[in-house]
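Paired with subunit B in one complex and with subunit C in the other, subunit A is shared by the two complexes that follow.
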Partner chain A sequence: MAQTINTEVTRTDARRKVTGTATYAADETPSGMLHGALVCSAIAVGQVTAIDTSAAESEPGVVAVFTHETLPDYKTVKGFYAGGPGSSSFWPMEGTDIRYAGQPVAYVVAETAAAARRGADLVNVTYQEADGSIHMDPEDSFVVGAGEDSEGMVLTKGDLQAGLDEAAQTVDMTFTTPFQHHNPMEMFSATAEWRGDRLTVWMPSQSVRTLRHGIAGAYGLPETSVRVISPFVGGAFGSKAGITPYAMLTIAAAKGVGAPVRLIVTRPQMYTVATFRPESRQQFRLGADAQGRLTAFEHVEIAQTPQFGEIVNPGTHITRAMYACPNIHTEQRLARSDTNSGGFMRAPNEMQTFFGLESAMDELAWKLGMDPVELRRVNDTMTHPTEDVPFSSRSLMESYDAVSNSFGWDQRGREIGSMTDGDWLVGYGCATATYPTNILASNARVRAQGTGNAYVELAAHDVGTGTYTIMAQIAAARLGLPVEAVDVVMGEADLPVAPISGGSTTAASAGSAVHDACVKIAQQLATQISGMSEGPLSGVDPSRITLDDGTLRGPDGQSQSVMEALQMIPEGEIEVVGTFRHPALTDQLIKATFSGGYGTAGPVTPEFAMFAFGAEMVEVRIHKYTHEIRVPRIHSAFAAGTWLNRKTAHSQLMGGMIWGISSALHEVTETDKPRSRFLNANIAEYLVPVNADIREVRVEMLEEQDDYVNPLGVKGIGEIGIVGTAAAIGNAIYHATGKRLTALPMTISDVLST
Partner chain B sequence: MKRFAYSRPTSVSDASDDAAEDGTQIIAGGTTMVDLMKIGVLEPEALVDITGLRDLERYEVGADRMRFGALAKMSTVADDPAVIDAFPALSDSLWKAASPQLRNVATLGGNILQRTRCPYFRDTAYAQCNKRNPGSGCAALDGGETGMHAIFGGSDACVAMYPGDFAQALVAFDAEVTTRGPGGTRSIPFADLHVLPGDDPHIETVLEPGEIVTEIALPMIPAMRNSFYMKARNRESYAFAAASAAVGIEMDGDTVRDVRIALGGVAATPWRATAAEESLKGGPLTEETAREAGRIAFQDAEPLEGSAYKIELGADVVAGALMTAKSRMGGE
Partner chain C sequence: MPKTPPDLRRPGVSRRGFLQGSSVVAGSLGIAAGAAQAQDSMPSAEARTITMNVNGKVRSLSVEPRTTLVEALRDTLGMTGTKIGCNQGQCGACTVLLNGMRVNSCLTLAVMAEGAEVVTVEGLADPNGDLHPMQAAFAENDAFQCGYCTPGQIMSAIACIDEGHAGDEAEIREYMSGNLCRCGAYPNIVAAIVQVRDSQQG
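== the complex of A and B ==
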């Protein structure tokens, strides 16, 4: 039996995807389906005073034009940050209020998509406009809750001022990060079909059960009356997590016209009808003694939030886990502006905060005259700096050592501006990455057949990362089957409970439930075959039979393969539901997950702090004449527990690093300040790297064993790749030029003007 | 998208007659036209598709002139060894524009007439845009984002930037366009084809209704062979210029006999830097004189908020383009 875990396995759906036969939600066309189109607000703040739909209604093919006055049976749900499943806590088209630019104000249904969009162009909306601001005012910020609350929004340990006073060197730096949008390749879409009181929704989703629970609740339907289907997802990154207004509008419109309706949101509309990464300010004050040991650590994060809700992605909870320090102060603050609700975008707590933290650490290293890697080394810790529990495992310096070796860090010139190549200035930079190991309850059903097959079913999602493949690998490894003999069914709310695909949890939590199901199959099988009159395990105490990757082993060397044993029992197969309930999951958290929510435990439990770690190193080049910033090399090393699939994991880590280059040098949702609009809402002007920007990308995947996080020892790798990149690039720019760039993205104009 | 009539004539005179009708637009590769129709910026009653005029796909690199039919594809011309040899800056300017997919369908005639990327022009949610809706105002100048707007040639009515690359190679080297319109055939110096926005930014060229660009031609001059197009941009490909320069030099020993400089990413129209050229003629070309030429090229720039960096950047790009052209010469 070939090894199936910790090896390179080509994704099982690769052929279907490259041949176009993998079915995405918007590929469904229920019989009689009509097409929807959104009309979005031209103003950011104010009131709708009139909507003239007559021209749209006269357009050939247009079936209906719904406004806040005419859309029947439109339901809404509570926003995520208010404890509900919604992507926002403000719902458009409930009345005349306009709270952000690009807010849906009307919904056109037509016989063709072209007619629906033309109809949308012809809807004439009149507004009364009020003043607004798309940007937050960081000077007008607040802490969610009241001061030193239980959520740790403000945390003080030791005496920060004393730590600064005693420091040999200090840094006091402020960084800013911009609005960013996810821009998944697959557009947002929703298709809704009502049959009486039964509803089916096809929609790309990171949480089909959240969708079903929320929609059923809103309409007062039993969950059994609502199907939510999301077989494949073409990229999500946090943008397809919650219930969006465009989904609920489509469901209502389908009811209103008495026919199935499909909406495909346009690319510009994708910038306003769902979430984004809020802009932020990161303030750091660090102090260190002459040996580099931190004496003071302060991080104040101010993140943008809409007027109507509090979007908290607590980055300070992550930064304060990084380095040993006796005197720590962190504050998690928000400041309001006139936008839709932000949300999660790949590493929502970490990307922007680690740009600040790791740039400030680099600055501190230069001030101390220390190698920045050594500064991390002297401040490494096996105990969480503020929670006083040990890390379940922490391979930060192993990562630095591995990437230093791979990258050739010892070739780095010691002085600023000391490395050149022709017309290019060259710089090296490094930065730390981390990501918390979040834990969620999950179930999974596995049916193993003696004919040499298995079926795995769970309401998890493949957001393009290879989840179908790793779930098959886990079952294949435990049951002793080739990967291709395992069928995996996911992406439907009717399947056994699995968590939201967010927070890098699916492999760890849902995968552990698949693992548990296989162990349970082995236990049942052991009981049955030990009671049989024949066979190698006949008469053996079943409690002493163990499962060893496809083989049942007795205490005295007896063994039988799982498949052979299945053939001996009369049913020829066993079907069980496996569960994952980590000891840190309280009843309340389990209940939250099982009712469609996000009941996460960790990263800090009463026993351990659970994080994955890594280190990144980059070479940056800056052209003498064009001042273009390019990244010819980016290397990294990560340790994140068990690697399930070294191919798909490598791709995820590499993808994260590439997105990090994007965040560092390219990505920004620009704004029109007077009219409070996002300005570059298209992928010609919202820059992300092209192939030519990405040159040498190397990932070292370190071995790490962690028996505490879950039975598989998996920490989750969906997001850590992006975390350190921007700071590593900024630090390399500093090495090349002596210019410390403190705002993302870092562009030609920044290296010129600093 | 608004419904429109569509015709695909097979003769230039038919095309010109069709295109002269009110509310009609000409379409060739469609990379600008279809884009602007989809976002509602252009709503023509009728499109005249000129891709049936196959004669206009021809081009030739002759001893005295280069001639490009208006329907020659960007990628075809950019890749032609004769073009690369005779006039590298022209090939560079095409190669460094757009993406492979766009270059494979976009035509040279359409390229020179491409519309601005000003975000206020391209989004009908903004009521103010004198170019899109004459007399409505300018959202960019009304407190908007102007980091990618023109620092040369703008007016109180419009500061939209001409976004093209290829046009800089044409304007620097005295190209001419031939047109065919209802009034017959005429020849227009390329430098006169585009007009400054002034009070009427919706008027972008001197072309009359129904007038079709049929050919772009350049006289062969020695500076072409030692030419280079340098483009500064925030990603390696598929990005508009933060600043660019098309340059060519002809040396007489250590003395500059002829030099051509045009600036991209900074002006309302294709922009030749004549004063910078004059500063170099008759003297040596060194890092110092190249940088001085760059400074002179931008001495009359009028930066807007967020675009001051283009002055320093543009000067450096001019210097870099000149030094690169010189260093390539040394290799011959």
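== the complex of A and C ==
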């Protein structure tokens, strides 16, 4: 039996993806389907005063034009951050209020996509415009919640001022990060088909059960009447989690016309009808003694939130877990502006906060005259700095040592600007990455057959992460089967409960439920075969029979393969539902997940703090005359418990680092301040790396054992890759030029003007 | 890379400044047009019948002049292997081969393919099920994650070698830069193309 865990396994869905037979939501065409198109608001704040639909309605092919006055009614649902299933707590086309630019104001249904687009262009909307601002005013911010609250939005430990006073060196720095949009390659879409009071929705989703819960609630239907199907998702990164207005509008329009309707949201509309990464300001004050030990740590994060909701991605909860320090103060603040709801975009608490923290740490190292790696080593800790519990495992310095070796950190020049290559200034930079190990309840159904195959079913998702493959690997390893003998079915709300694919949780939580199902199959099998008159385990106490990856073993060396044992029982197969209920999951959290929500425990439990760690090192080259910034190589090392699949895990970490390069040097949603709207709302002017932007990317995956996080010892890895990259690049730019850049993205003009 | 390089001789004029400046113009144009959406759609017109060879099969289909090739493939012929990632020629997800040349099928009108040979991702594997070497190399090298840009990447990769633009990794990166991959599989895409190029030369 070849090894199936902690090895390189080609994706089980690879063939479907390279032949064009993987079916994404918009590839489904129910019989008689019509096409939808959105008309979106041309103003940001104000009122709709009139909508003239006559030209659109007389356009050939147009079937219907819905406005707030004519769209079939449904009950709106609460937004995600208010504990509901919605992507926003404000629902467009409920009335005449305009709260953000690009808000849907009308919905056209037509026989073809081209006719729907034409119809949408012919809808004439008249507005009364009011003043707005797309940017927050950080000077007008407020603390989330009620100050010193149980969620730790404001936290004070020790005496910050005393720590600053006693420090040998201090830094006081403010960083800014911009609005960013996820821009998955797959455009948002929804296809809705009503048959009486039964509804089927095809929609790319990170949480099919959240969608079903929200839709059923909106129409007062039992959840069994609603099917939500999303077998393949063309990238999500946080943008396809909650139920969005465009989905609700499509479902209502399909009800209104009495035929299935498919909406493909246009790329420009994707910037306003769903969520984004809010802009932020990160304020850090650090102090350290002459040996580099931190004496003071302050982080105040101010993040943008809409007028009608509070979008809280608490980055201070993560930064304060990073380094030992006796005097700590953190504050999580928000400031309002006129946008749709932001949300979570890959490493929503970490990307922007670690750009600040790790840049400030680098500045501190220069002031102290220390190697920045040594500054991290001096402040490394095996105990959470504010929660007084040990880390379940923490391999930060092992990561630094591994990446230093791979990168050649010892070749780094000691002085600023000391490394050149022809007309290029060369700089090396490093930064820490971490990501919390979040825990969610999950179930999974496994059916093992003595004929040598197995079926795994759960309402999880493969958003490109490799979930189909790792679920098959886990079952294959436990049952003693080749990976290709395991069929995995996911992406449907009707399947056994599995959590939202967010917060890097699926492999750990849903994977542990698959593992548990296989253990239960073995237990049931042990009971049956020990009671039989023949066989190697006949008469053995079943409680003393253990599962050893495909083999049942008795206490005295007796053994039988799971597949042989299955052939002995009359059914020839066993089907069970496995569960994952980590001890840290309270009844309330389990209830939240089982009712379609996000009942996450961790990363801090009463016993341990659970995080994955890593370190990144980059080389930048800045042209002496043009100031062009290049990243010829980026190396990293990560430790995140057990690696399930070294091929797909490598891709996730590498992809995360490329996202980090993107955040550092490319991505920004530009704004039109006078008109309070996003400006570069397309995938050419919203810059993301192209192939030519990416050179050498090297990832080392360290071995780490963690028996506390879950039975598999897995920590999530979907997001950690992005976390340290922007700071590492900024620190390398500083090393090359002596210019400290404090705003993302870092551009040629920033190098010129700083 | 910035599409509009900053003017280095004029301090204060950054890419951001340029875009914000032009936005004011665009904004006022939008209002002057009566606050309707930007008009980029085409009017309807009588459908006509065109014939093209798709993956070796002659297909006749009725399309409006405004129908794009990708809509004809997906909506009229039901061939959904070709994906739409932006519908405005920016991402390359819809890349197909038109008479052997790679094109964005969202920027190509179906009527322009009258009499042409079109090859899509569905036309690459051997009828016996064997994958095209580029498909196999993409699978083996994990040259994708979500898989959505993959049909376009594979069509582009085949053309990249056929055009003679796969000389070294830098050239491959340059000539594959019309196909965006948001998951960040670029290094693995290059590795897949190198592998196929070397096996063809071998």
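Here is the rule we use: the second predicted complex is superposed on the first by the 752 of 754 C-alpha atoms of A that agree within 3 Å, B and C clash if a C-alpha of one lies under 4 Å from a C-alpha of the other, contacts with A are read in each partner's own complex, and residues count from 1 in each chain.
Going forward, a contact is a pair of C-beta atoms (placed from the backbone, for glycine too) under 8 Å apart; a residue touches a chain by one contact, two chains touch by 3 or more.
Computed from a predicted structure; not experimentally measured.
> After the superposition on A, what does A:Thr112 contact: first (subunit B), second (subunit C), both or neither?
The answer is second: A:Thr112 touches subunit C but not subunit B.
> So, does A:Pro674 touch the first partner subunit B, the second partner subunit C, both, or neither?
In the superposed model, A:Pro674 contacts both subunit B and subunit C.
> Tell me which partner A:Lys624 touches in the superposition: subunit B (first), subunit C (second), both or neither.
In the superposition, A:Lys624 touches subunit B alone.
> With the two structures laid over each other on chain A, which partner does A:Val463 touch: subunit B (first), subunit C (second), both, or neither?
Second partner only.
> Which partner does A:Glu186 reach: the first (subunit B), the second (subunit C), both, or neither?
In the superposition, A:Glu186 touches subunit C alone.
> Please determine whether it is subunit B or subunit C that touches the greater number of subunit A residues.
In the superposed model, C touches more residues of subunit A.
> Examine A:Ala365 and indicate which partner it touches, taking first as subunit B and second as subunit C; both and neither are also allowed.
A:Ala365 sits against neither subunit B nor subunit C.
> Looking at the overlay, does A:Asp423 come into contact with subunit B only (first), subunit C only (second), both, or neither?
After superposing on A, A:Asp423 lies in contact with subunit B but is clear of subunit C.
> Based on the superposed arrangement, let me know which partner A:Leu552 touches: subunit B (first), subunit C (second), both, or neither?
neither
> By the touch definition at the top of the document, which applies to A:Ser753: first (subunit B), second (subunit C), both, or neither?
both
> Touching subunit B and also subunit C: which subunit A residues?
42, 114, 117-118, 121, 626-627, 670-675, 677, 679-680, 684-685, 687, 689-693, 747-749, 752-753
> Show which residues of subunit A lie in contact with subunit B when the two form their complex.
The contact residues of subunit A facing subunit B are 42, 101, 114, 117-118, 121, 268, 423, 623-628, 630, 665-666, 670-675, 677, 679-681, 684-685, 687, 689-693, 745, 747-749, 752-753.
> Can you list the subunit A residues touching subunit C in their complex?
For subunit A paired with subunit C, touching residues are 10-11, 13-24, 26-27, 29, 39-40, 42-43, 59-61, 112-115, 117-118, 120-127, 183-187, 232-237, 264, 266-267, 463-466, 626-627, 647-648, 650-652, 654-659, 668, 670-675, 677, 679-680, 682-685, 687-694, 696-697, 747-750, 752-753.
> In their complex, what parts of subunit C are in touch with subunit A?
That would be residues 1-3, 6, 8, 11-12, 14-16, 19-20, 23-24, 26-27, 30-31, 34-37, 39-44, 64, 66-67, 71, 74-75, 78-88, 90-91, 93, 120-122, 124-125, 131, 135-136, 138-140, 142, 144-151, 154, 170, 172-174, 176-190 of subunit C.
> Which residues, counting only subunit B, touch subunit A once they are in their complex?
1-3, 39-40, 99, 117, 119-120, 123, 125-127, 139, 142-145, 147, 230-239, 242, 306, 308-309, 312-313, 316-317, 319-321, 323
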